Amino acid sequence: MISERYSAGLWVFAQSVEKHGGYDSAVSVREQIRMAASVPGLKGLELIAPAHVSKDNLKQVTGWLEESELQPVAVNPYVWTEEIWQRGAFTSPDPKVRRAAIDTAKLAIDIGHELGTRRMCLWPGEDGWDYHFQVDYRQLWDWTAEGLREIAEYDPETFIGYEYKHNEPRTHSLVSNAAKAALLGYELGLKNIGAYLDFGHALMSRENPAETVVMLARLNRLVGVHVNDTYGTGDDDLAVGAVHLWSMVEFLLALEMVEYDGWLSLDLVPKRESAVGAAKRSIANLKNYRKMISKIDRNLLSEAQAAQDGLKAQDVVQNLLASD
Amino acid sequence: MISERYSAGLWVFAQSVEKHGGYDSAVSVREQIRMAASVPGLKGLELIAPAHVSKDNLKQVTGWLEESELQPVAVNPYVWTEEIWQRGAFTSPDPKVRRAAIDTAKLAIDIGHELGTRRMCLWPGEDGWDYHFQVDYRQLWDWTAEGLREIAEYDPETFIGYEYKHNEPRTHSLVSNAAKAALLGYELGLKNIGAYLDFGHALMSRENPAETVVMLARLNRLVGVHVNDTYGTGDDDLAVGAVHLWSMVEFLLALEMVEYDGWLSLDLVPKRESAVGAAKRSIANLKNYRKMISKIDRNLLSEAQAAQDGLKAQDVVQNLLASD
Amino acid sequence: MISERYSAGLWVFAQSVEKHGGYDSAVSVREQIRMAASVPGLKGLELIAPAHVSKDNLKQVTGWLEESELQPVAVNPYVWTEEIWQRGAFTSPDPKVRRAAIDTAKLAIDIGHELGTRRMCLWPGEDGWDYHFQVDYRQLWDWTAEGLREIAEYDPETFIGYEYKHNEPRTHSLVSNAAKAALLGYELGLKNIGAYLDFGHALMSRENPAETVVMLARLNRLVGVHVNDTYGTGDDDLAVGAVHLWSMVEFLLALEMVEYDGWLSLDLVPKRESAVGAAKRSIANLKNYRKMISKIDRNLLSEAQAAQDGLKAQDVVQNLLASD
Amino acid sequence: MISERYSAGLWVFAQSVEKHGGYDSAVSVREQIRMAASVPGLKGLELIAPAHVSKDNLKQVTGWLEESELQPVAVNPYVWTEEIWQRGAFTSPDPKVRRAAIDTAKLAIDIGHELGTRRMCLWPGEDGWDYHFQVDYRQLWDWTAEGLREIAEYDPETFIGYEYKHNEPRTHSLVSNAAKAALLGYELGLKNIGAYLDFGHALMSRENPAETVVMLARLNRLVGVHVNDTYGTGDDDLAVGAVHLWSMVEFLLALEMVEYDGWLSLDLVPKRESAVGAAKRSIANLKNYRKMISKIDRNLLSEAQAAQDGLKAQDVVQNLLASD
């Protein structure tokens, strides 16, 4: 049975007009948490440290989460957008910035311990390049590996999921697909490094998201999951299922097959829509798709897959839409 | 109400392993027609002249169509794949080839008259280029316009639908999107020139197929429709609805809105699947989607569209999947 | 001979960190003009009304342009980013906003008259949609056509170049490719409506920019040109030639072939680079490429194109790089 | 200094009109070898077993290579196109086919030993899927890993380079990017498994080819290199440098930086061009680019990269085009 543990990145509720617009939202953290709590079925939150939660407001945030009955799902270091990260975090040319990135990640781990979560979605959004010839790729890989080693060894119990992405805000991100994130774990020989799989990012990297789930899970490198949708070339962060119904259904089915027991975390950027509305619609869709999946004839599907028969597999799923 | 006039290109049933592999199929034309007739709901065929039907076998083909109760939907000139067309048809550097392309199109018109159809899907698949600097684009446009003028004026009652496509088999086709096809009609001041809209080709050109329907119909330039599916960058010619459910549903709805009363013609290339099976699945899907569309609350959808409210529009369509 | 009239959009010099971040730049208009003037070879500017120039500061701006010896190249209406345009300009669901868009365009025309330019780059960036089913496409086309008719008829001497774009900031723009922009002119029967061709936008729409030049010029619908570069799926707005050398050289050659005598206007968004530096590099590149083009053996190229011989054409251009 | 060891896949010279059209070329293997030998600068060949070379014709082929002074560079198993491989090789649902794939790979290794090469480009072109839900991804990964283990352990001295590719002929290949190929080596703990990097395939997977070189070489997983060019979404297999000049120059530079001492092997599919002509043009281009690279001011480039200064890096390379 697929997990019904639906969560969201708290940033969804900042209702920012511009993407990567910084977290000086007009909406306070407390209000954002309340907005999240108003979404039926939403039970968890990813928080950003120190933008949402720091050592200063830890008690308050804990209280707000409790009053809203929302569980902390991951604590993620804030290493993008702010001016300091403009040229990268773990791969910044400035050693002080690289140190700051590592320290921010450790802070997120510490705060995770306080809040009771051992999971991090790590998105060093500006770690990459824009122009051909601009960077020494080996250097970027070395710094990334060193940085990850330090934070992963800082607390072997915290799972670090690198949220890979093909591009945006840079024209190229370094860790641009799922297998690269998994390779980092192998290279370092550390079990607590893997990938945070964002459905839309997988499409941007021309992955088939369900296959990515299986590929990562098979190697024990699936740390967490973001859900949303995109037309495929940019990071549209639309409501779940709005574009790719079948790909999302197959994705959810794959998560079930690998017995993923983590959270499905909404990562939406509703610029012209209500954040609460987009989250509601997304969770309602996920629940609908879960019901569809529960009606799949598993024997027929297994037969189709054993024969790798695409049309027979289509029969199974398309008939889910045939009503009377 | 959306048309239930389902047809197919006869080529679907050639069961060719290689795409653009030529029409010396091991399966005879008569057998291909019988295969088509075995698909529930399939009532029409597009034929290629002279590959499928020529002056020589016209009576026979007419008889085979009648015995199979299949209507001729369009007669399309065979101006690709064969060695003569390797460097283009209407834009070939060889004037004899350009003349042959025009003559083949006239032949298709003549045969259409005999068979009782006044519609042509024109796909000059090799009219384009592969390398930067390879062609004089103005020359290609001039030749295309001249060729189309001659065939459109040859019979003003026959509607010529240019089947635009972004690429394949060339890296670039000249008439690479719907608006270019429509422009040809405007430039020439001829009402019987427009576009043949292939769902997968629209995606390859980064169009939103439903919008393409409306854009063309609004200018009276929608001549015919091919249905299939693709992951988006190549011309996969998969079974209808296999990838893009919502885009296909929106497309069918748009066809209804513009009161399209033509055929929905399958253009599939089942290389590892049964052609009959792929056609069956496609028509079954189209019927399912038609039922879904019949359940859409039109007032709610109109309200959502009047406000351009994406989430409200999503509510309307996603709830079609919510069963009990 | 290719034009050496290099200009830039003044917005290039706002040095905004976020794209579409609004024009409340920390850098004043006067300072931006001075920065532009410091770029060797830059002789003209596109201005945005009323963000850069309004009836209030018209005299001042005129003075600043004169003191900097920069010509006004186009005056473009500011109909995006600001909150009023969040759901579109000419296609906003709110009739007051649609009226405001038309009025802003007329203001730009008026100011153009004052400044002595009769050219407008019209980019209604938010005219589009994000979700399937969100809008009534026919309505959007009707409103766009009506709006353009009103502004084009307001001053038949001013050329309106619709700056088409596939997406961003919306997931889909309505006027998403060059042929659609040209169709607007045909549909309305107005000679002063055409396309503003942005090199990067052409790539986003999967066009071959040189072919787009010829297609538009052949129909007298090429109003203006923006130059920059992109990796192809997003609007990267990098320095000219940074990614697509051959495509840019072919583009410049096509502009020469169609005897384009307008400006080549830089449209760059240097987020992590100096705006002046990116503009300098771009113009230096354009000059280098112009020299390369001057060395092309035109007879050989004509022969290659008459035969549509891709390799022979490659011989001609690749040998430009062979030095001793 | 970049390697000047230029080779080609022998299939380039089959002059097949259709891609993946099988190797029953009208041109004999001997004639293909002679054609290859006629290309100035071409010194090596990749051969396919048993299509080009088998135990039966081994002596003959050895003789033909010697008389043409061409070195064998790699021997690659023929596990695609033929009817047996239509549903995959190592991931075929049929265990006999999977066995045949492994046996064919062992044959290629044996023949490599005879010919004196210890390198294999492994392209199981049909190992993938076309439809969502069609396959059990875990099963496909398990079978791929098992098959690779068996052939890699069969001869630890032969380097197996998995030629990853995003799609074509299937809509999705399993091993669809460079990092996935490298992961296979890590998962199996075998040092002789890595990636065969095809420039065009890298672009199809949205990789930056130079970064891929460094990523693979840093992990000792770069087995071999194919060069060609593509517009990016399909596998166009055009002459080297025809589209992406800068990306190719950066790629060659990266190969030099990682001290790659293998061959640069042409993988072209000239359908409307002379194969010899396309190969000639490609090698001439590679030599030109090599000269350009030799003129790069390495100190300036290092400075630019140390600062990750994209414009300064552009200055260095764009000035290579500035002649007097």
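First chain written, first letter: the chains are A, B, C and D, and each begins at residue 1.
Heads up, the rule we're going with is that a residue touches a chain if its C-beta (ideal position, glycine included) is under 8 Å from a C-beta of that chain, and two chains touch if they have at least 3 such contacts.
Treat the numbers as computed from the prediction; the structure is a model and nothing was measured.
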{"item": "Longest centre-to-centre distance from subunit D, chain (CA-based)", "value": "C"}
{"item": "Pair sharing more residue contacts (C-beta pairs) when A-B is set against B-C", "value": "B-C"}
{"item": "Averaged-CA centre spacing for the pair subunit D and subunit B, given as whole angstrom", "value": "36"}
{"item": "Rounded Å distance, subunit A centre to subunit B centre (Cα mean)", "value": "40"}
{"item": "Interchain centroid distance [CA atoms averaged], subunit B/subunit C, Å", "value": "34"}
{"item": "Multi-partner residues of subunit B (at least 2 other chains)", "value": "87, 130-132, 172, 239, 242-243, 246-247, 272, 309-311, 314"}
{"item": "Residues of subunit B defined as touching subunit A within the complex", "value": "232, 239, 241-247, 272-274, 277-278, 281, 284-285, 288-289, 291-292, 309-311, 314-315, 318, 321-323"}
{"item": "Touching residues (chain side subunit C, partner subunit B) in the complex", "value": "87-88, 93, 129-139, 141, 166, 172, 174, 176-177, 179-180, 182-183, 186-187, 204-208, 210-211, 214-215, 218-219, 246-247, 250, 253-254, 257-258, 301, 304-311, 313-314, 316-317"}
{"item": "Of all residues in subunit D, those that touch subunit B in their complex", "value": "17-18, 20-21, 86-87, 130-132, 167-169, 171-172, 231, 233-234, 236, 238-239, 242-243, 271-272"}
